[in-house]
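Here come two complexes built around subunit A, the first alongside subunit B, the second alongside subunit C.
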Partner chain A sequence: MNRSYYGYFFVAPFFIGFAVFGLAPILYTLYLSFMKWDGFSDPVFVGVANYTRLLHDSFFYQTIWNTLIIWVFSNTPQLITALLLALVLNEKFIRGKHFFRAVYFFPHIITPVTLGVIFALMFDWQTGSINKILLALGIVQDPVNWFNSAWWSRIIASGVIAWQYFGFNMIVFIAGLQSIPSEVYEAAEVDGATKTQTALHITLPLLRPVFLFVFITSVIGGLQLFDAPLILGDGPNNTGRTMVMYLYETAFKNFDYSYGAAVAYGIFIVVMFFTAITARASKLRE
Partner chain B sequence: MTKIITRSILYLFLIVVAATCLLPFYSMIITSTHTNSDIARKLLLIPGDQFLDNYERLKNTVNIWRGFANTLFITVTSTIINVYFAALAGYGFSKYRFRYRNFLFLFVLGTMMIPGQLGIIGFYKLMDSFDMLNTYWPLILPSIYNAFGIFLMRQFADSSVPTEIVESGRVDGYGELQIFNRIVLPIMSPALATLGIFAFIGKWNDFLTPLIVLFDNNLQTLPVMIASLKSQFTSDFGAQYVGIVIAVVPVLVFFSFMSKRIIDGVAAGAVKG
Partner chain C sequence: MKTRKWLLLVMSVILVTVLAACGGKNGNNSTGGADNGAAGGGSTNAGGQTGDTGGAQELKGHLVIWTFFDQVKDMADQFHAKNPGVTIDVKLFPGDQYQTKLLTALQSGRDVPDIFDLERGYIGKFINSKFLTDLSAMGGDDLVKDYIPYVKELGYSEDGKLRAVSDHSSPGGFWYLRDVAKKYLGTDDPKKIGDMVNSWDKIIDLGKNVAAESGGKEHLIQNAGDLFDIEAYNTQPWVKDGKLNIDPKWKTIYETQLKIRQNNVDAKLPFMSAGWGNALNDGSVVLTSMPAWAGFMVDNKDNKANGKYGVAATPEGFYEGGTYRGIYDKSPNKALAYEFIKYIAGVEWQQHNLEKTGNMPGNAKVYENNLTTFKSPLFGDENILVPYYNTVKNIPPLKADKYGEDILSKWRTVAGDGITNNKSFDDVVAAFKKEVKNAFPELNVD
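Let's turn to the complex of A and B:
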C-alpha cells in the first residue's frame, strides 16, 4: 500500500503557517507600500508616491550609511578576534577549552536589549563605570559624554554587537577547523612547514566555505541591527539610527504605516544588494 | 623557553578576552547592591547591602516577575510547537517519497533567506484584522513554521530513524501519525533537545514582535520591560541595575548547566549549514 501521500499532511503545517504568518504579511506590506495609511482611516491608493519619497529621503540614506558604519566597526574586530581565538583554542596543548568557549559564548545568549541597557549604563557620562575607570587612571580629566558624540555612539553600538557575536562566530570557526582532516596537517609537518606557513597556506584556504557562511550571515544580520542600538539611542543628529530603527520609528511611533512599508522594502533591497556583493566577492577570490 | 613564552602570551590573550566578557556582568551585580548616591559618585568594586531597597523600588514600578512569567509561558509554548512541527515536517520530508518533495524542500530552505522585518507592518495589520492584537497568539502561532528546524530534523531523520522501524509500526497496525508520535519522536529526542534550546533562546530574546503587538503592561514580556527601565527610572540607577540582574542571572544559571549542549548544537548546525 502506497502511503507516500501522507507526507503532504506532515509537511502541510509548515506551508499553512508560512502562508498565513510569513507570506501574507510580506505581500500585505507590499500592498500597503502603495497606499496612504495612518492606521485609523481606510488605506488610499497613492501609486509609487511612497517610493518616490523614499528615493529623496535623506534620513533613509543616513540610516543606510549609519548601519554600514556600525556593521564594519562591529564585524572587523569581531571576526578577527573570533578567528584568532578559534586558532588558539584549536591547539591541543590549551587547557580549559570548555570553560573558555562557554565564557566567550555567554554574551551571545543574553537578550540584546539587556546588553543595550548594560552598555548604556556603563557608558553613562555621570554614573557609568567606564568614565570612573578612565578618571581613576588619569586618562581623562573630565567625564566623557559618550552619547553626545556621533562617532562614540556608533563605536559603542558596534562594540555591543561585536561583543555579543564574536563567541558565536568563534564556535563556527572552531567547527570549521575541526572538519579539516588531520592528514593535511601531518603532510605539512612532514614537508617542514612552520606554524605560520601552515596557518596561512593550509588552514585559511580550507576554511573558505566557513568564511562564506560567516560573512553572509553577518551581512544579513548586521544590516538588520535593531534591539541594542534602539536602547542606546539615535545619537546626535540621528547618527546612531539604523535602518530597522527607522522602519520601527516611522511605522509604530509616527504611525506612518504605509511609508514604513516602503522603508521595509527599501531595506530589503539594500540587504539583498549587499548580500549579492558579498556572495560575488567571495566567488571572485577563487 | 620560547615555547613557554608563546604559551603564556596565548593564555594571557584568552584570559583577557574572558575577563572582557564577564566584567560587565560582575559590575552590574556589584552596582545593583549600592545606593544611588554611591553609584553616582564612586567606582564600585565590592558588594554593598542595598540590593533589597533597590529591588523594592523596582518592584513598585515594574511588575518584573510578571514579565518573567509571561516570557516563560510564551517561550515554552512556542518552543513545544516549534519543535513538534519541525520534527513532523522533517520526518515527512525524510521518510515519504511524495511528488514535488524536493521542490517543496527547496522552497522551505528558500524561506530562510527572507529578512525578518520585511513583513512586520503587514503582520501587525493582519493580526489587527484577526483580532489578535494584545494577545499571545501572534507570538506563539508563527512558531509552526521554522525552516531551519525542518532542515535540522530532516538531517537527523535521514541518518538516525531506521525505515524498518516505521514499517514495523505499520505491521502492528499503527496509523501514520501514531507511528510518528509513539515511535519516531522518542528516537528523535536528541535532535528535539538541540532545536528546543535554539528555539527557546530565540524566543526568550524576541523583542520587536511583543513590542508592537502587546499594549497591556501586564501582558508584556521581560525584554520589553527591561527596555522600558531607562525611561521609567531616569535617575534611579539602583533599580535599573536590579532589573538587569533579574534578567541576566537566571540565564547565567541555565547556561552554566547547558553550555556544552548549546555550543555543540551551534557547531553542528554551522558545519551542516
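Let's turn to the complex of A and C:
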C-alpha cells in the first residue's frame, strides 16, 4: 500500500508557513522594487528605475564597504578566540570547563540592541566609562570622541558583534572537536606526535567542515549586520552605516518602500556573491 | 485502514486549527466590523446631536484610538466620564515603529482605528494623504479658532482643510537650577535671565565667563546643537516648489554654533543623552533648552526638585514635538469621533490636562485663563505660562510638509558633524545636498 503521501501532511504546515510568511513577502518585495511607492499613494510601475538608481548610488556602495570592514574586524578576532577557547575547553584536564563554556556563551543570549546600548554608553564621548578610565590612568589627556572617528566607530561595532558571537562559535567548534574520533588521537600518540603536531595535522584538517559551516554562516550573518550598528549610529559621514541599516533608513525612515525593496535585492546579490566566493574558495582547497 | 483514517482526521484537525489561527486577525476584524457597526449606530446618534459634548442628547457608540502616548488613556477616561454611553478602546503602540504600523494598517484598510495620533516629526507625511478626514467640512475650523497660530496651522493640509488637531502646544525655554543660576549669572529671576540671554552674542559672552569661572569644567548651555531645535521653525521651509531651499539664516546659525563650540560655551551633550540628563539634574550645565513637556527628565523623587527650577525665554521662541489627532477617512464613526476631537480641542480637557500633567495648552484661551494663576511644583512661584505664552504666540505658523522634518534631521546630522570637526559652511552644504539628493531624488537640488 502506498502511504508516501502522508509525508505531505506532515511537511504541509512548514510549507504553508513559508509560503505565507517567507515566499509571499519575497515576491511582493520583488514586485515593489519595480514600482514607485511611498506608502501613502498607490504604487506606480517604473520598470527598472529603482535598480538603475541603485547602480549609481554611491551611498549604497559605501555601505557595502562599511559592512565588509565591520565583518572582517568582527570575524577575525571572533573566530580566533572561539577556536582557541574551544581547543582549551575541550581538554580533559581543564577544571570548570562547563562553567566557562556557559559564561562565554552568555553574550549570545543578550539582544544586539542591548549590547549596542551598553557599548554606546561605555564609549560615550563625554560621559562614557572607557574615556573616564583612560583619563584616570593618564593614557589620554582629553576624552576621545570615538564615534567621530570612522575607524573607531567601525571597530566598536565590530567589537560588539565579536563579543556577542564568539561564544556561539566556540560551542560549534567544541561540537566539531568532539566529533573527531579518539582513535585518531591515540594513533598519533602511539606514533609519538607532539601536541602541536596533533593540533596542526589532525585537529585542524578534521575541523574543516566545521570551519566551512562557521565561515559561510558568518558571511551570510555578517553581511546582514543591523541591530547593534544601528544603535551605535551611522558614524561620521555614514562610515558606520551597514547595508541593512541603509535598507531600513530608505524604506522605513524615508518611506521609500520601492527603492528600499530594490536595496533589499541589491543586498541579496551582494550576500550571494560573497557566499559563492567563500564556497568556491573552500572547494578549491579540496 | 483504521490508522489511515485516524491520521487523516488528526491532520485535518491540525490544518483547520492552523488556518483558523492564521485567520484570527480576520476574525477580529469581523468583530471589529460588528463593533464599528454598532458604533455606526452611535455615530448616527452623535451625528444628530448639535449641542456641546455631554449636552442634552446622549452620545453612544464605540471608538478605537491608536496612539504611541499613554496619556491618551486619561483623555479617553475623561471623555467617557462625560459620555458614559461611549466606550473607547485606546491601543497604545510605544516606540518608533508606531508610524510604520499605522501606515501599514491604513494601507490595508483592515483593523484600522477611528482616530489616530500623529507626531510632529511625521505629521507632514500624513496630513496631505487620503487617510485623514476633512474636519473643516465637519465644522472643525471653529474648534481651533482660538488656537495658538502655529499649533493650528500644523493641522491644516496644503489645500487649506483642517485634518488634525492637537490638544497642546509644546513651547521650549531655558530651564535652570536656581542656585546654579545665582552662582554663575548672579540672579535666579527668569525675567532677568531671559534678558541676559536674548541674543546668541550675549550667550557666547556669558558662556565664556562661565567656562572661565569654572576652570572649563562647567558650561552655560548643553549643546551648540540646541540651535537646530530653537531655530528649526524660525527659518524658511526646506522645500519650495519642489526645490531644496536653504534659508540664508542657516549660515548665520552655523557660524554661531561654531563660535559656541570654539569658546567652550557648550558641554557638547546631545539632547536626551545620559550626560544631558545628568547635567539637567546636577546643574553642571547652567541652562538647558527644554520643551515644556519634558519635565519627566527631572529627577523629582520625593519632590526633592520642587521649587528648585526656573524657566527663561530663549533668544527666539521655539517648540519641540507635538501630537496631533485625526479621524480615519473611512471610519464609520466619523461623527462620534468628531465629538471626541471637539472635546480635546476644548477648554475643559485642556485645563484638566494642564493641571494634571503640566502639558501646555493648544488653545490660547486656556493660556490666558491661567497666565497669572498656574503654578507648577518644579518651578515654585514662577508663572511659567508667561514665558511660554510669549514664546508660542510668536512662533511663525507654518504648514507641515512631507520633507521638512527629514531634511531638518539630515541638516542636523551633517551640520552637527561640521561643528564637531570645525568644517566650513560650504563643505557642510555640499555634503548636505548630496544627502538630500540621495534620499529624495525627485527634489531639485542644485
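Worth pointing out:
Quick note on the criterion: the second predicted complex is superposed on the first by the 280 of 286 C-alpha atoms of A that agree within 3 Å, B and C clash if a C-alpha of one lies under 4 Å from a C-alpha of the other, contacts with A are read in each partner's own complex, and residues count from 1 in each chain.
Here, a residue touches a chain if its C-beta (ideal position, glycine included) is under 8 Å from a C-beta of that chain, and two chains touch if they have at least 3 such contacts.
Keep in mind the model is a prediction, meaning the values are calculated, not measured.
When both complexes are overlaid on subunit A, subunit B and subunit C end up clashing with each other.
Between subunit B and subunit C, it is B that contacts the larger number of residues in subunit A.
In the superposition on chain A, A:181 makes contact with neither subunit B nor subunit C. By the touch criterion defined above, A:205 reaches neither subunit B nor subunit C.
By the touch criterion defined above, A:127 reaches both subunit B and subunit C. In the overlay built on the shared chain, the residue A:112 is in contact with subunit B alone; subunit C does not reach it.
In the superposition on chain A, A:252 contacts both subunit B and subunit C. Shared-chain residue A:16: touches subunit B and subunit C both.
By the touch criterion stated above, A:25 is placed in contact with subunit B alone, subunit C being left untouched.
Once the two complexes are laid over each other on the shared chain, residue contacts for A:59 go to subunit C alone; subunit B is not touched. Of 43-51, 169-177 or 241-249, the segment of subunit B whose C-alpha atoms clash with subunit C in the superposed model is 169-177.
Comparing the two interfaces of subunit A, the one with subunit B and the one with subunit C have residues 3, 6, 9-10, 13, 16, 20, 121, 124, 126-127, 252 in common.
By the touch criterion stated above, subunit C contacts subunit A in their complex at residues 4, 7-8, 11, 14-15, 18, 22, 100, 103-104, 107, 125-126, 129-131, 267-269, 273-275, 278, 406, 413, 417, 420-421, 431, 438-441.
Residues 3, 6, 9-10, 12-13, 16, 20, 38-41, 53, 57-59, 121, 124-127, 145, 148, 234, 236-237, 250, 252-256 of subunit A are the ones touching subunit C in the complex.
Considering their complex, residues 3-11, 13-18, 20-32, 81, 84-85, 88-89, 91, 93-94, 98, 100-107, 109-114, 116-122, 124, 126-127, 129, 132-133, 136, 163, 167-168, 171-172, 174-176, 178-179, 210, 213, 220, 224, 226-227, 230-231, 244, 247-248, 251-252, 257, 260-261, 264-265, 267-268, 271 of subunit A touch subunit B. For subunit B in complex with subunit A, the touching residues are 7, 10-11, 13-14, 17-18, 20-22, 24-25, 27-28, 31, 39-40, 42-44, 85, 88-89, 91-93, 95-98, 101, 104, 108, 111, 114-126, 138, 141-142, 144-147, 150, 170, 176-177, 180, 201, 204-205, 207-208, 211-212, 222-224, 226-227, 229-230, 237, 240-241, 243-244, 247-248, 251-252, 255-256, 259-260, 262-263, 266-268, 270-271, 273.
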